[in-house]
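Data first, discussion second: the structure below is written as structure tokens.
To keep things simple, chains are lettered A, B, C, D, E and F as they appear, and every chain counts its residues starting from 1.
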Amino acid sequence: MKILVVNPNTSPEMTADIGRAAKKYARGDTEVVTVCPSWGPRSIEGHFEEALAATATVETIAASRDDYDGFVVACYGDPGLAAAREVTQVPVVGIAEASMLMACTVAHTFSIVTVLPRIVPMLHDLVRTNGLEPRLASVRATPLSVLQIEEDPGRAEKEIVAAGRRAIEEDGAEAICLGCAGMGPLDKAVQRALGVPVFDGVAAAVKMLESLADYGVTTSKVAAYRDPEPKELVNCSPALQGAAR
Amino acid sequence: MKILVVNPNTSPEMTADIGRAAKKYARGDTEVVTVCPSWGPRSIEGHFEEALAATATVETIAASRDDYDGFVVACYGDPGLAAAREVTQVPVVGIAEASMLMACTVAHTFSIVTVLPRIVPMLHDLVRTNGLEPRLASVRATPLSVLQIEEDPGRAEKEIVAAGRRAIEEDGAEAICLGCAGMGPLDKAVQRALGVPVFDGVAAAVKMLESLADYGVTTSKVAAYRDPEPKELVNCSPALQGAAR
Amino acid sequence: MKILVVNPNTSPEMTADIGRAAKKYARGDTEVVTVCPSWGPRSIEGHFEEALAATATVETIAASRDDYDGFVVACYGDPGLAAAREVTQVPVVGIAEASMLMACTVAHTFSIVTVLPRIVPMLHDLVRTNGLEPRLASVRATPLSVLQIEEDPGRAEKEIVAAGRRAIEEDGAEAICLGCAGMGPLDKAVQRALGVPVFDGVAAAVKMLESLADYGVTTSKVAAYRDPEPKELVNCSPALQGAAR
Amino acid sequence: MKILVVNPNTSPEMTADIGRAAKKYARGDTEVVTVCPSWGPRSIEGHFEEALAATATVETIAASRDDYDGFVVACYGDPGLAAAREVTQVPVVGIAEASMLMACTVAHTFSIVTVLPRIVPMLHDLVRTNGLEPRLASVRATPLSVLQIEEDPGRAEKEIVAAGRRAIEEDGAEAICLGCAGMGPLDKAVQRALGVPVFDGVAAAVKMLESLADYGVTTSKVAAYRDPEPKELVNCSPALQGAAR
Amino acid sequence: MKILVVNPNTSPEMTADIGRAAKKYARGDTEVVTVCPSWGPRSIEGHFEEALAATATVETIAASRDDYDGFVVACYGDPGLAAAREVTQVPVVGIAEASMLMACTVAHTFSIVTVLPRIVPMLHDLVRTNGLEPRLASVRATPLSVLQIEEDPGRAEKEIVAAGRRAIEEDGAEAICLGCAGMGPLDKAVQRALGVPVFDGVAAAVKMLESLADYGVTTSKVAAYRDPEPKELVNCSPALQGAAR
Amino acid sequence: MKILVVNPNTSPEMTADIGRAAKKYARGDTEVVTVCPSWGPRSIEGHFEEALAATATVETIAASRDDYDGFVVACYGDPGLAAAREVTQVPVVGIAEASMLMACTVAHTFSIVTVLPRIVPMLHDLVRTNGLEPRLASVRATPLSVLQIEEDPGRAEKEIVAAGRRAIEEDGAEAICLGCAGMGPLDKAVQRALGVPVFDGVAAAVKMLESLADYGVTTSKVAAYRDPEPKELVNCSPALQGAAR
């Protein structure tokens, strides 16, 4: 199958990292292409940037909707995920949902370790929207910004391990979801350090797409994710226009 | 005080209607300006259109953030609400949240009567994100699209009253929130027909902004709604660029 | 409009304080009268006193039900609120519900800072009955009794700020609701000290009543808050007798 | 042991019926006295009457607090229950809580069959305050007022059985709690008709008090149910004054 | 009445202890027999042992189902409880559910103090399955294994009191449920030390069975606990075979 | 990888069916072996049979724990799942959890269509234990017993489609999980008839195991699923004895 991984953060370095993570765990017969939108925030650390990135991400997916067998939204707020499901017939998986759902099969409860403290309420909303609060032990912030992870992976690993350890010892977490796509490359190092399963959402989303493809199911189109109603989209890009055709 | 009401739907007729509703219930010393973004969907009836409208709405608010004492997001999905709170220091109120919160002061439980059935899961998510499920009796759809409300208000009123009646009789609703900004002009007619309090979110949001201004409180900036982190926004409009300055 | 603020605590000093707070934030054309019942506990710090105060409060409101356009129940347990809604056709707002609902428009989550620790479970029940647990960060007690607030406002402010700070830093609160009507006069001092929105329920309730009046809605009478069934009230005061006429 | 059953409804006939039910299931060595307050509503069918009855009930219990080993609050809203726990050292059990807790030992979920439809939201609040929503299948109203049950027990039985049958067949109920003390005498007839366990709260509360006495536990006094703080109760009866001594 | 208390742990000493606790609080006319299964784990400290014990317990109950008026499952995971309800017509009560339900009548919230930390997630699941999360303050582990309680009751008491104190002071617990049948003999000592109600589930379950018998109700057989469907049980013991006859 | 699928129902025909379903969707390099325990109920339609099957299943898995890279528990109550996770170091996935988690990636809400009505409360408990209630639209029973599905697949398909249609139209389901392993062979026929994604848990579990293996994660061993404590298992089979070695 052929998967497009869209990094909603417009950072080429981070996009390259995500691409490597996606390919590392993809099956031999899975082709993975990774891109970021042509516009939008370099990194996503709040609702404002997430709103922009959602539009940019759905535009990117709409433009390629006939060219892939599945899409990954590779930012841990799953920006534009529901919208993307409307504009394509093939499955779209978010890295946050994928990591959390997969964690449920190996752990009674999980924690999310993420970037700046301002992200914490956003992630609580995300978990709540996914209906998974009963499985959440905690959301733990680090002092890291998104782009600092890549700039200093050694420091990032230390901070993530420290936050993860507190989640295990104080909050009862049995698995850790890495709450930023940029943390993906550190997954196995953190797992070794903590001794519990650690999930990079990019890897989890790729595996989920492969599973959906093998099993022959795709997005339900009867209610929440119906195709957009045909209508005028004023001053919008051709890709967006096409999505509502 | 001076309020900007932003209709995320780019329909001039609907925007004019919303403007009239906002002015009708505003106090004499409240100045209300109503606009719609310069781009985006004519009407919002799904996640795709909501994603676009969120960006267009936050851009509109960011461009005017120094010119008003408060903002209303006038579409019943509150698109871009959290993002808008980040880009301005004055309060921003969504019509969905305002109608639901106000309904809680006069009714034990409320129902939302909205447009097409595909909206129902979106509104359940919205109520859930607002933490108000325990007060929700039901979400009831009508066969109406957003723009049909304005085209045939007589039919719209009939459909809304019918759905509202079922909500009261079968679901235990004690108040009705009109789940589309376009339904606002029908609020009092529906209230008379149903005999329970009926809330147009536009009116509710204007009143809430006046109350916040009188009391001297504005958006909390310590966590969820902090100002955006300074960063590069690639290929974004000056208004968006300015929001993250 | 004409509002009666009923302080369920029979303390004249506290009632005067509440009256000042109510008037301070009322609009110029809102007339505010503040009273306390002619019987009942000097202060309310438990279920026993709250039960008495509920009856005394509903009696007070019933006696004046034709004389006002709205009523405020000015004790942070909202004693007798639902009962009061049954005995009058005009809106009745409790200070706890008003502060919490208003806080939801400027903060992702809020904490309540209140008096003695014994109040904490009562407030958890109150938040639960209002269906707002998902928005609650925590309830934080102080060592203060109700009447000590007025006796030593300087100490009270210090204790409230200290508890509020812990709520923000440890519990993730983004706004503070002052969990006792007597704390109202300290709202702006606490807000300045904490840097987050702070809500006095008395002010919030007055604003909510003004909003309901402007919008022309009142209590739903179809189920929870129907007029009392006509029946004999044995050995009850004329005001109570009249309420069920 | 010696139990005082307080019927918050000031109806002598209903009080006599409740007394018979309480005695019927009490053990041989349990002495049961049944009274109603000297003032308050003849029957309780709303928040207003419940507020009055709460005060009258707690006054009645306070006046006898040194004379009994346990108290029952015998109205299915448990009016004044928490307050009563503060004013005595011996256990106080409400008939609603007792019936629901006991039902949990023989059924996966239960429904409450009660009087007028206006009671339904009150009972939902009650179940919620007791934290038992996950075990509740539904609340089903009948067209009966409280006093009509006694006036025409044959009709009452028919209505209760009809509502109970719908609860079992449509809502998945596996047991029925009779949501009015006046329905108690019909418990076994309804149980025979429906073929599921049926609970009269009066019987359940008496059994619970006997169990607490046998096991030697009484109300926790560390937080929610501490003795009232010593304070002035303005113009209150000697019994109430004494409760806060 | 005649009660069989089944200790799912196959430890004769613990079984004897449980028998003494059961008899201590049983009424004079209640005959109590206490047994453990003929096979299964010496002690239950995880899901694996609980699964085995569930089968052994239901087999034990099935073998005696015509000989008793009620059964107690005396291990704080209530292993096999729902299954046991299917194989007999008389009530079956688990010690976890009984202790929690009884605690609800004397405390606003309770904590469970239990054995090894690995038990904590199991007990959270159990509380959740019972629908009682809103009443739970916390689950607190001790470093004790099940069999160590009996080996060194003095140490056990100290550990339980220490954990209980933290539950009261830090988690807001108002009562303590002893989360292991082996802790039963320490109930009154712990209660004296902590000053809050303390519940041994064995005692609570015996009292609950006596109450159910007095009131004349037994397990609902319309849905969750219907008799087993007649079918072949391959290579199962005669007792199990008989249960599905 | 090498997977053992254990059918907790001791029906050879059903086991063969499950084996075919598992192989159909497994990857080419995944070896699937399917067995049923040597003892236990022919089919599982209640708590009693589930308890027996849990023990038989965990025994079967313990006996083979060194021979496979992953295990599937192939009955829609996931009997013995948590226990099995304790006795092996490789992942164990239940078909109920797998189908529900996978459904979350293509549908806003799902319903479970299952066998006899008596199963409904069991499945509600299961969804609740998995923390997925917010995603559940409903559980719909059919009049089918487990073994009737295989005896008359044509009738089974009709009943499943009818129940699924009601779930979609009346309950808002957007996907259907087949609530019995025996329904697996009908998945695609039902999907075609209903037009929404349909999930057989056996297929979903196999895909999940492959994903976990590819990603290199296995069961968390820090709390809920630690290895069993070493202890005596009285009169238990060698396989069970070995599990606690």
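Things to note:
As a working rule, contacts are C-beta pairs under 8 Å (C-beta built on N, C-alpha and C of every residue); 3 or more make two chains touch, one makes a residue touch a chain.
Remember, it's a predicted structure, so these values are computed and weren't measured experimentally.
Between chain B and chain C, the least number of touch steps comes to 1. Under the contact definition, chain C and chain D share the contacting chains B, E. A separation of 28 Å divides the Cα centre of chain D from that of chain E. Chain centres here are Cα means. That of chain B falls 52 Å from that of chain E.
For chain B, the set of residues that touch two or more other chains comprises 108, 120-121, 125, 128, 134, 172, 174, 223-225. Chains touching one another, given as pairs, are A-B, A-C, A-E, A-F, B-C, B-D, B-F, C-D, C-E, D-E, D-F, E-F.
Only residues 25, 27, 91, 93, 97-98, 101-102, 104-108, 130-135, 168, 172, 174-175, 188, 191, 195-199, 203-204, 207-208, 210-212, 214-225 of chain F touch chain A when the two sit together in their complex.
Residues 108-109, 134, 172, 174 of chain F touch chain B in their complex. In the complex of the two chains, the chain C residues touching chain D come out as 10, 38-43, 45-52, 54-55, 58, 80, 82-83, 85-87, 116-118, 120-122, 125, 128-129, 145, 223-226, 228-229, 231-236, 240, 243-244.
By the touch rule above, chain A contacts chain C in their complex via residues 120-121, 125, 128.
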